[in-house]
């Protein structure tokens, strides 16, 4: 996968504003229940896209942190009642767990397929354990873990400071969209920072980065933890949307699905994973609304075709199309010969 | 005393089970660095092939030892020619394509065989160990798994085909240097890997009920066994199968199968942490 | 969950507005009645779901063929939850907010029921749960036509202890159904001075029972009682037969046969298992014969018809009967018809609703698996759901919204 | 004893049965230019790696001092942060990034954002990289890539530079330019250059240390060392006599 420069040029505010406006105006034209779920899945895909696309860290078990965020929120909200603290915990717990596991892996010089297996094992352990906690003994405070049944009907997100006033429906959609846009801006800020550029350097050549003095394991652990916190936030938002948390949030399928969203959407971009999550997510929901065609058959066929025909995913394909369209303008700009420090090379984040 | 014998037999069974379901994946991953996420479904297809042919009156042993491997081997060949062939060297894309393939196979089998569980009774009756009743078929599995592993080792170690295969393990250029077209080597290897998966599915069919979605339970264990095993195909997979099988069953006996599995997974993490390139990255370096 | 008053009011307010129920001017005669259904048509639980999806479509088609309800056609909104609890909540919200259905028949595992029951209660959408379960649900908005432990579990334990002895080893699926049913088994065993030696719980995806079979032999019980669920657990019965244990220690089960396990196993493997339930294809009533014939005529394979597919069919027919009695589709009116003691004659016999618990008194058949058939040993007419009735009286306190568990 | 730039005391490294570095004591003064030569397998690279903390999988003993600070056992990035620039035997650059981005990452680690931009311009000018500064390193010719890598090494202003076979695979014309660059670096920094290319070593005309079977055979000025019988015998083989 050839690199795409630091992958992030200056943010073109007009594109971002258009993207944000479209999301915020959506409730006027359509219901918000499914879009909320798609936005949550987009946030989840963004977290993996950031870590994998830019720092080269492929996790087979990214659902572990999505699930930890969901369960932490559900358990905390039962015990605390008011939802602001549980929301923060839903970010901190996955980040902390990821920091510990990340440090263990990265300082152990574990990389590529072995990193994949290690992260897969973590999510399998969580899945198997949570699946076996239906007995009465398994409870934290007054929250029963519930095993396969999951934890239903916990107090959902409320307006900070006013536990009575729960947020759901369209207002909740806005909360999720704001989280998504905030996470996107955070990702952009990280990638534009020296820390973000060092990550891209690590993706390109770990040894060289070590030789010029970067503490590679520490940087990897940091982005692993930040990405886990973002996934935890997505998990927490999912818990509040579904109003139930079940061990399937840790499942192998969930981890594989997010990898597919990122690849199909476009690895090495930020918009790509979000696009992939929205498109494939809505496809899965649509397939679920009918029982004539077996949905695994359709999804399987699509994945194979995407890999063979659009190997680098939708976003880069879109960019390539846009580049051809924009090449005329480029000639005009070339004439003016403006000199810029860091040329944006083939970045889908327009 | 006989309770201990039962425990040992159960451990041997789990080791044989892990080796069987990992063999096909080990060959494909060991030889070609291809991660086949549809491996579980190929095992499932082996099971269905055995059941379909045994229901059609063919002797169960012929069905599982001959028909299943050949049928799934052919399916593997088709898959290699249509999909995997274009993706050599692109690990992520092969993973995505084979994941799509596994969903496709689940959908197809559900369409053809329907989704109600099918199965065929274990051909070997139970037998007595002291006052314990043991599944005779488990012994058959232990035996076939041992024979399979030994014969794979023999082929790799002492035959010309084995030499070429081990060359392929080092990389495509080595194979080319040996005067063979890497493409055909990979085609044959993927087919053999698929056949081994089919064989495993066939042998296991009488033991666990078969559902289109049963592949999911195999892929995780096989994947972890092979990867933690490291580069050497036989020695790596076998060593981790022994370690994981023992730990899984011992802890299962001491507590519940769930804790047994979690113990196995935790051990995999520890092994990977201590040996970042897998068990045979450190020990048995020179073995196949 | 302390359902805060404010939230409940706003929810009730908005959804009523959204559904436009109370303010709809006059009934448009032509407007179709919407029936929603969520079932696992794929994944590990599809051995239960697929036949239920067919039964749902059959019931709706038959009602429509007979001129629909109150002169209006019934429109079926069927969703496939793909054995994923999260999709249950997704589609429950979709049924309430977008499809605005008048009634929902859905949910297979108790886990999926508990995931969606509150959503339907909050939005005042009448909800039918047509599957055998662990009992105890006390919710005016929910009607249950499946069997409860008092109806199906007690006869098994009673018969098995008389026949085989009083030392029992229980195996159960590790979720609310398995956990609570295991308590009911212990409850009935101790009533009869027996002893449950050990209870093992297994998550739904466990398929290796080697160590368990050895432990059972170690404990040497008089018989094993199984409340295992799903395709993966089928492996237990196979490994039990493969080791020859089915000749040594008898087996009783509260769930065997419900997923057509007796068809998946060979005759030798399944013979001798004692079960009890509301339905068997061997029931000799004309209603059952006719039902199976109609199922066949629709091109369905009658082999896959099992208890909960029939319960789903009967649940829809019972709902239709109550709508006819109420003369309206309004939830309150239908509930009043239900609470006036509605009943229908289904393929599994008489299904009569008990006003106090919204559960159904059902004919229970004690059966033995023989050559892949469920042969009936004994039939108990109209066994009441006495376990739920102990705790739940919806006439005295209709606002109740709780699932009671047996206290041993 | 003024702190030497680099000093090793009884340094030994063993890989299984092989004793790659055998009890080597070595010292390099500040701003000195030292060349390490020796036949393949003489232990040059292993010695090099011990100084940069890249020895993995072998048993090492003894002490490695950088300006008096014992860095034995430190991870590479901590050693390098003392102000050392390292170019490994195998070319190692961020091929997906532009030359400028490579240089920027190296400079940024020591000089802060503004300092980094200035340092990048300085290195580009000094090594004459203007022509391809904005192209991706992966797309450059071998010689250009070598230069870019040396640029990356210099960008964070190291006071000690370690070069492992910088002259490998480059034309004689580029070798002359390389020698000029090394001389300019030597004005402000000490250097250890490991190489085989005798033509290049003669042009450098620095103090030479000859490695043989893991230990130091002889040390001295270029002319004396190349004339030394033992070196000739070990290194150039009896034919050369």
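For this structure, a couple of remarks:
To keep things simple, chains are lettered A, B, C and D as they appear, and every chain counts its residues starting from 1.
To be clear about the criterion, a residue touches a chain if its C-beta (ideal position, glycine included) is under 8 Å from a C-beta of that chain, and two chains touch if they have at least 3 such contacts.
Note that the coordinates shown come from a computational prediction; the quantities given were computed from them, not determined experimentally.
Chain centres computed from CA atoms place D at the largest separation from chain B.
The distance from the centre of chain A to the centre of chain C, with each centre set as the mean of the Cα atoms, comes to 38 Å.
If each chain is reduced to the centroid of its CA atoms, chain C and chain D end up 76 Å from each other. We define each chain's centre as the mean of its Cα atoms; on that basis chain B and chain D are separated by 48 Å. Taking the mean of the C-alpha atoms as each chain's centre, chain A and chain D sit 42 Å apart.
For chain C, residues that reach two or more other chains under the stated contact definition are 42, 174, 201, 203, 205. Residue positions of chain A touching 2 or more other chains: 128, 131-132, 294-296.
You'll find the chains touch as A-B, A-C, A-D, B-C. The touching residues of chain A, when paired with chain C in their complex, are 31, 33-34, 37, 128, 131-132, 134-136, 146-150, 152-155, 163-166, 169, 238, 242-244, 246, 248-249, 285, 288-291, 294-296. Within the complex, the chain B residues that touch chain A are 35, 37, 83, 86-87, 90-93, 95-97, 99-108, 110-111, 216, 219-220, 223-224, 227-228, 256, 258, 261-262, 265-266, 268-269, 272-273, 276-278.
Listed in rising order, the residues of chain A touching chain D in the complex are 2-6, 194, 197-198, 200-201, 203-205, 207-216, 341-343, 345.
Residue ranges on chain D touching chain A, taken from their complex, read 52, 75-78, 80-81, 85-86, 88, 92-98, 100-101, 104-106, 108-110, 113, 117, 134, 136, 138, 152-153, 155-156. Against chain B, the residues of chain C that register as touching in their complex are 42-44, 46-47, 50, 174, 200-203, 205-215, 217-218, 231-232, 234-235, 238-239, 241-245, 248, 259-261, 263-266, 268-269, 304.
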